[in-house]
Amino acid sequence: MKPERNVETFLACDAAYEESKIVIFGSPFDSTTSYRPGARFASRTMRAESYGLETYSPTLDKDLTDMKIFDGGDLELCFGDTNSALADIENFTANILSDEKFPVMLGGEHLVTLGAIRAAAKKFPSLAVIHFDAHADLRDDYLGAKLSHATVIRRVYDILGDGKIFQFGIRSGDRSEFIFARTHTQMQKFDFTGLDEVVKNLGNTPVYLTVDLDVLDPGIFPGTGTPEAGGVSYRELLQAIFKVAENCNLIAADFVELSPPYDPSGISTATALKILREFLLKVR
Amino acid sequence: MKPERNVETFLACDAAYEESKIVIFGSPFDSTTSYRPGARFASRTMRAESYGLETYSPTLDKDLTDMKIFDGGDLELCFGDTNSALADIENFTANILSDEKFPVMLGGEHLVTLGAIRAAAKKFPSLAVIHFDAHADLRDDYLGAKLSHATVIRRVYDILGDGKIFQFGIRSGDRSEFIFARTHTQMQKFDFTGLDEVVKNLGNTPVYLTVDLDVLDPGIFPGTGTPEAGGVSYRELLQAIFKVAENCNLIAADFVELSPPYDPSGISTATALKILREFLLKVR
Amino acid sequence: MKPERNVETFLACDAAYEESKIVIFGSPFDSTTSYRPGARFASRTMRAESYGLETYSPTLDKDLTDMKIFDGGDLELCFGDTNSALADIENFTANILSDEKFPVMLGGEHLVTLGAIRAAAKKFPSLAVIHFDAHADLRDDYLGAKLSHATVIRRVYDILGDGKIFQFGIRSGDRSEFIFARTHTQMQKFDFTGLDEVVKNLGNTPVYLTVDLDVLDPGIFPGTGTPEAGGVSYRELLQAIFKVAENCNLIAADFVELSPPYDPSGISTATALKILREFLLKVR
Amino acid sequence: MKPERNVETFLACDAAYEESKIVIFGSPFDSTTSYRPGARFASRTMRAESYGLETYSPTLDKDLTDMKIFDGGDLELCFGDTNSALADIENFTANILSDEKFPVMLGGEHLVTLGAIRAAAKKFPSLAVIHFDAHADLRDDYLGAKLSHATVIRRVYDILGDGKIFQFGIRSGDRSEFIFARTHTQMQKFDFTGLDEVVKNLGNTPVYLTVDLDVLDPGIFPGTGTPEAGGVSYRELLQAIFKVAENCNLIAADFVELSPPYDPSGISTATALKILREFLLKVR
Amino acid sequence: MKPERNVETFLACDAAYEESKIVIFGSPFDSTTSYRPGARFASRTMRAESYGLETYSPTLDKDLTDMKIFDGGDLELCFGDTNSALADIENFTANILSDEKFPVMLGGEHLVTLGAIRAAAKKFPSLAVIHFDAHADLRDDYLGAKLSHATVIRRVYDILGDGKIFQFGIRSGDRSEFIFARTHTQMQKFDFTGLDEVVKNLGNTPVYLTVDLDVLDPGIFPGTGTPEAGGVSYRELLQAIFKVAENCNLIAADFVELSPPYDPSGISTATALKILREFLLKVR
Amino acid sequence: MKPERNVETFLACDAAYEESKIVIFGSPFDSTTSYRPGARFASRTMRAESYGLETYSPTLDKDLTDMKIFDGGDLELCFGDTNSALADIENFTANILSDEKFPVMLGGEHLVTLGAIRAAAKKFPSLAVIHFDAHADLRDDYLGAKLSHATVIRRVYDILGDGKIFQFGIRSGDRSEFIFARTHTQMQKFDFTGLDEVVKNLGNTPVYLTVDLDVLDPGIFPGTGTPEAGGVSYRELLQAIFKVAENCNLIAADFVELSPPYDPSGISTATALKILREFLLKVR
């Protein structure tokens, strides 16, 4: 036991950057969250609590210790300056992608996805996005702001255009969002019906998977900014993620909107971590 | 932005009294709660948190902004003097009913229902009550008190008599309550089996719907005074409420026993609000 | 109302020792819990909160007031000295068994089970163990310790040997545990499939039932040290316990790993109490 | 270690009734608390947490184990029926007093004091009351109720009359209360100035001491229903209690308004327990 | 009891705008808070909890019910767009000032002060600022942002220039801030020494008072974003505020940085409310 | 922004081991804590929260960024095996001391001090210990255990013998401990009276400083296992630490018994961090 520098990583994600195929990092930002802030604490809480999780998955019979994953820590993002924060996320993601690695970003509020998708869309012009969420996030502006957790998929749409966004589990939004979705995205309300077909049709298209964890039922995932009753179960979400991870040409992913201050028992963090582990073990 | 008086209402329930068909108000009383108090905070917490909810329902494709609902705020009830509190509730409800409006009361503990039903039964002598709850609430007295959250439906029975009370979801009580129910009420244990038939048989009978939210499973609704494992799901409750709202001659309703102090993540309040929104959008 | 000594018992478990067939006691110990301590508070929290529960079960149409159960309170166990704590538990359990009574132990962390099974295995050399849990608990050592919540079933195996341990609901562990289980225990992952057959085959074999309550889904049971998403429902666990209680030659049981500090709403304690009540009413 | 009945007492207060000079009991009632309920949990929380306290006082060089104190547990009081609850408290206190013992009551809200003083005033017609509190509690009614935590000292006044009530530490109330105090009680605002003289003048008069623990500064005593900044320190309160306990003809005492739900760190309960211990060791 | 619109105000601040001399409003914004968000909830928590406070001050023998104060509610500010939020605050404050009324703003994070002072400095070009705080808030930028809770007094300095800012209670900051203060502001570290002289020297100069409540010791005021041990007591702060309110030509004031999520016992909110009441009763 | 390994350190303690004079590390162990566990979380919570603290001290006009301090992270200690945990701590401390560096250990419960002092006493046979604490910690055993948080200073005494231990602030213990102290240690009850003389007399004797943070008043330091009213203030503790740091031949120090689960507002962690910063800036 000689003193060594204190390195903190997600469970077993302690490989060197060079040897890793996957790079995890946190984007601790929730500046536009108007209702209940706290998603900024998600990545560091997940990292700290990850040592309560096993590295082995009985479901998949695989172990994180057999993989090479690099944990890049958390970005230091500027609160109150949304443009600057998004630019930092884009830049960091672009670096990972240009090194031919697979970025896994942990939010933060959902808006952080925009930074990562900007980078992904530059490298993969034909990019499609699979979006699991309780909320449509298709507003054009929110309380006057164009950049908001409530507008993020609309801003993604501005980049990708029609037919590129596939939304599942949506059960909240204002009327205009659902009308917008009818013509511009493919939206499945409440559940994952139709995901099989979407996955099959996407074929080799590069796909970005963004998982707003509030797609889960608040019973199992209370720790989020705007809980919405009537969500999907843990097993349903896991199966949906497995489908995407197994069959799509996935090039990046994120998991957002865990809000530890609203998770006093810790089950939301534990559930997010388990989903992350299963995803890491499944992604090809 | 000129200074205006600070009016606080449930989400979008900002119509004037005169133009409104529905009147919401709170009865913040939990004085007889012997175990875990806190239901007194329900109505103001719901009002405060309602701005985290959308006005639009993707399930019903309807929007609260298209409706006229008046929010009468919370009654100022006397703690420690049950009779006086019930009289105030009865009086307030009677005023709404006599203006041919539909009262929606938010508890408080379940005993507040007695005040409202007293008013309703005076105006509608043939009144029936549909009661969703985990608990039978049929005790004749509780720790010596005749007026208690645990005796409220028995007191309602004293007013309405045999064959007028229809109980669903009941999974707790003492033996004598279940024996009482066999002859005096129609009780469905654990779930909503038989609701269709009850609704059909009621035909045009004026119906008061009282929803003790602890009928829900504690997984999705932890924030209540006496949580009982094995409850109904959010979707099951919603379907049951829709059945009643759509098919009965509903003349008033209440939603009781949300207890915010036992809801640190806020999912119980969020769920109660969503049920309230769906009910308001559905009631004819 | 004359002053009397203050006796605190689990709900209605106030019979004298001599007249009781069942003896409840608490083992408030969690010294080896490496992640999130708190199970030490389970038994006294359950006792204190039990007055929020009814004595009557609508499911079974039975009442605790018709039974004779003795509550022996909580053992005073030494923190930081695992051997001494286990010896105290073994000794206490042995006394109950030698009086031909049925011990029901409330944890504490899972390691307390080892003390009780040591006593049971001495009296019943052909003892079998039915084990409901999210975790395999089959490690040979944990951070260097042979006696740990993570090794408890392995230590039980050291006493009972092959073919005596029947595990259900397991969804977490390291790879070596699952490999060990293949040859040495009978393990059902995730659910209770196969329990019927196990129960039938056990016939008259004396059986110890150990229920790690984290076998439940964290949605309904958040208050535990290492919550694992994807667990069984309350009703599934209840049915499984009923099967064992009804059909096996049960000689003792325990319920462990409730951790009140991670249960701010109290639903985990309420659920544990309800399971305990149903078990007490069902055990033959 | 043979199974024994589970007796729970305040730390070391385990003497038999007959041999005890002092009798402790709890009055878990807070039904008239209009703002933040929770004082009902005080006595059982104090009992449960008392095992974290030492029996020995370094300040007094005395030990509870050298004393004979009986713990009578908590009264079972009817919520929602204030008259009945007060009658039970009066009756129980009268029994203790008629056995020539010294009652120490733990609230509950401050109104419980009325029950105990009713009993004390019957036995000691010349009774005086020393009252430590942040609030004057001299309203004639509160939201229409004559019996309320906010009117309790006024009701005591109705029994005892002018010149019998000595109030210290008062820093909150409405204007009318302070005007009333000028002619009818002796009130010291903010601190204990003048206590020496009061104590001296009381001579052999039988004295009831009622300590509303919110007289303490909220910094050290946050866990109370209506915290008021600017209170006295722990040492100041202790010195004041010592003065009364040492020099007055004290015949009963109470400590009220600890509210555990507002004491997440437990320091309020710990402080209340230490004050109780010091009082018990000091009272002659 | 006829249904009336639900108006929520700070305790007794229910006068009409026209007749009021003082206007209270909330600026629920904390978007630049990098460490622990939550100040956004301060004003509405204060409003909701204010009914636990008396309107009468025993210290001042004055009553809020004798005054005319208007409560303008909370501004709806855009999260994530700092410039827009500050503009709204400036505009709203300017309206109040132009109506010759006295604005009392409740934060929110400290940056909201910049919006109000921009308005005040336009109307009162010779404006001075008295600043009570634990933190210097004199950084030129913070994580790259010019507009931040950590730079707010520096931005105020940019408007007012040398010799116009008087800081008291400061006990935290980086070295450069303390160096800056030596030449550009008058800073008193740790306490209020010198306030008498400052007040005297200011004479008739228009003064804006900004109170960052974290100037208080965390023992009495735990509920704030960045608690700093070693603060002033409640009584010290009150005396300091009285000095300013009584002797200065005060034209506006604010109270900021209460953060309810870090105030589980509610003592910080209660203390903030009491300070606000005393200030309102004292300001001339 | 290129991905780098995620290194987490206490604020500004990011120097390399070789160049550092001071080495900080955590001993996350609380296995013998019988009452309220949680000190195990102290070091990682302090590390995580340290970014809310400034590196600069206005009191000392010094900055951590000007120093070279190495953060060795947290030891991985075995819960439930006290001997093994203490051996690991001793070994780790010995390594630091043999490299002529100054160890600063963060608990954990107080027992961890024993491991560090074992190492220090081997290297410095004439070692003296200065001990700040609310509790005497001089029991010979606790619930049968020789190694316990309640016996730690007694075990230190077993190593060092008479006249080597100087205790300040002690206000809790059982009678035997205070009797023991009269002959074997120098104990100052309640405060720091006499510290000046002790420091002067110690001259060049090597001194180990152990600070149980519960010596502080619970008002400012609620987050600890056994809070004791009547403690010293933050400023008093700081002055005492300064005296020792400035005048003694200090060779190691520790700060123990912060328990984050009992610190919901975070003020205890913030206070511990500030004391640590001031100590690091002051130690010669």
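In this document, chain identifiers A, B, C, D, E and F correspond to the written order of the chains, with residue numbering beginning at 1 in each.
Just so we're on the same page, contacts are C-beta pairs under 8 Å (C-beta built on N, C-alpha and C of every residue); 3 or more make two chains touch, one makes a residue touch a chain.
Because the structure is a prediction, the values reported are computed rather than measured.
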Identified repeat of the E-F interface (over half of residue pairs identical), from C-D, B-D or B-C: B-C
Distance from chain C to chain A - Cα centre to Cα centre, in angstrom: 38
CA centroid of chain C to CA centroid of chain E, Å: 55
Chain D: positions in contact with at least two other chains: 217, 219-220, 264
Category of the chain touch graph - line, ring, star, complete, other: other
All chain pairs that touch each other: A-B, A-C, A-E, A-F, B-C, B-D, B-E, C-D, C-F, D-E, D-F, E-F
Parts of chain E lying in touch with chain F, wherever the complex brings them together: 35-36, 170-175, 178, 189-190, 217-220, 222-223, 226-230, 262-264
Partner chain A, residues of chain B touching it in the complex: 51-52, 54-56, 58-59, 61, 63, 217, 219-220, 234-235, 238, 264-267, 270-271, 274-275
Residues of chain B defined as touching chain D within the complex: 30-34, 37-38, 40, 76, 78-82, 84, 111, 143-145, 147-148, 261
Interface residues, chain C side, partner chain D - complex: 1-9, 16-17, 23, 25, 44, 47-48, 70-75, 88, 91-92, 95-96
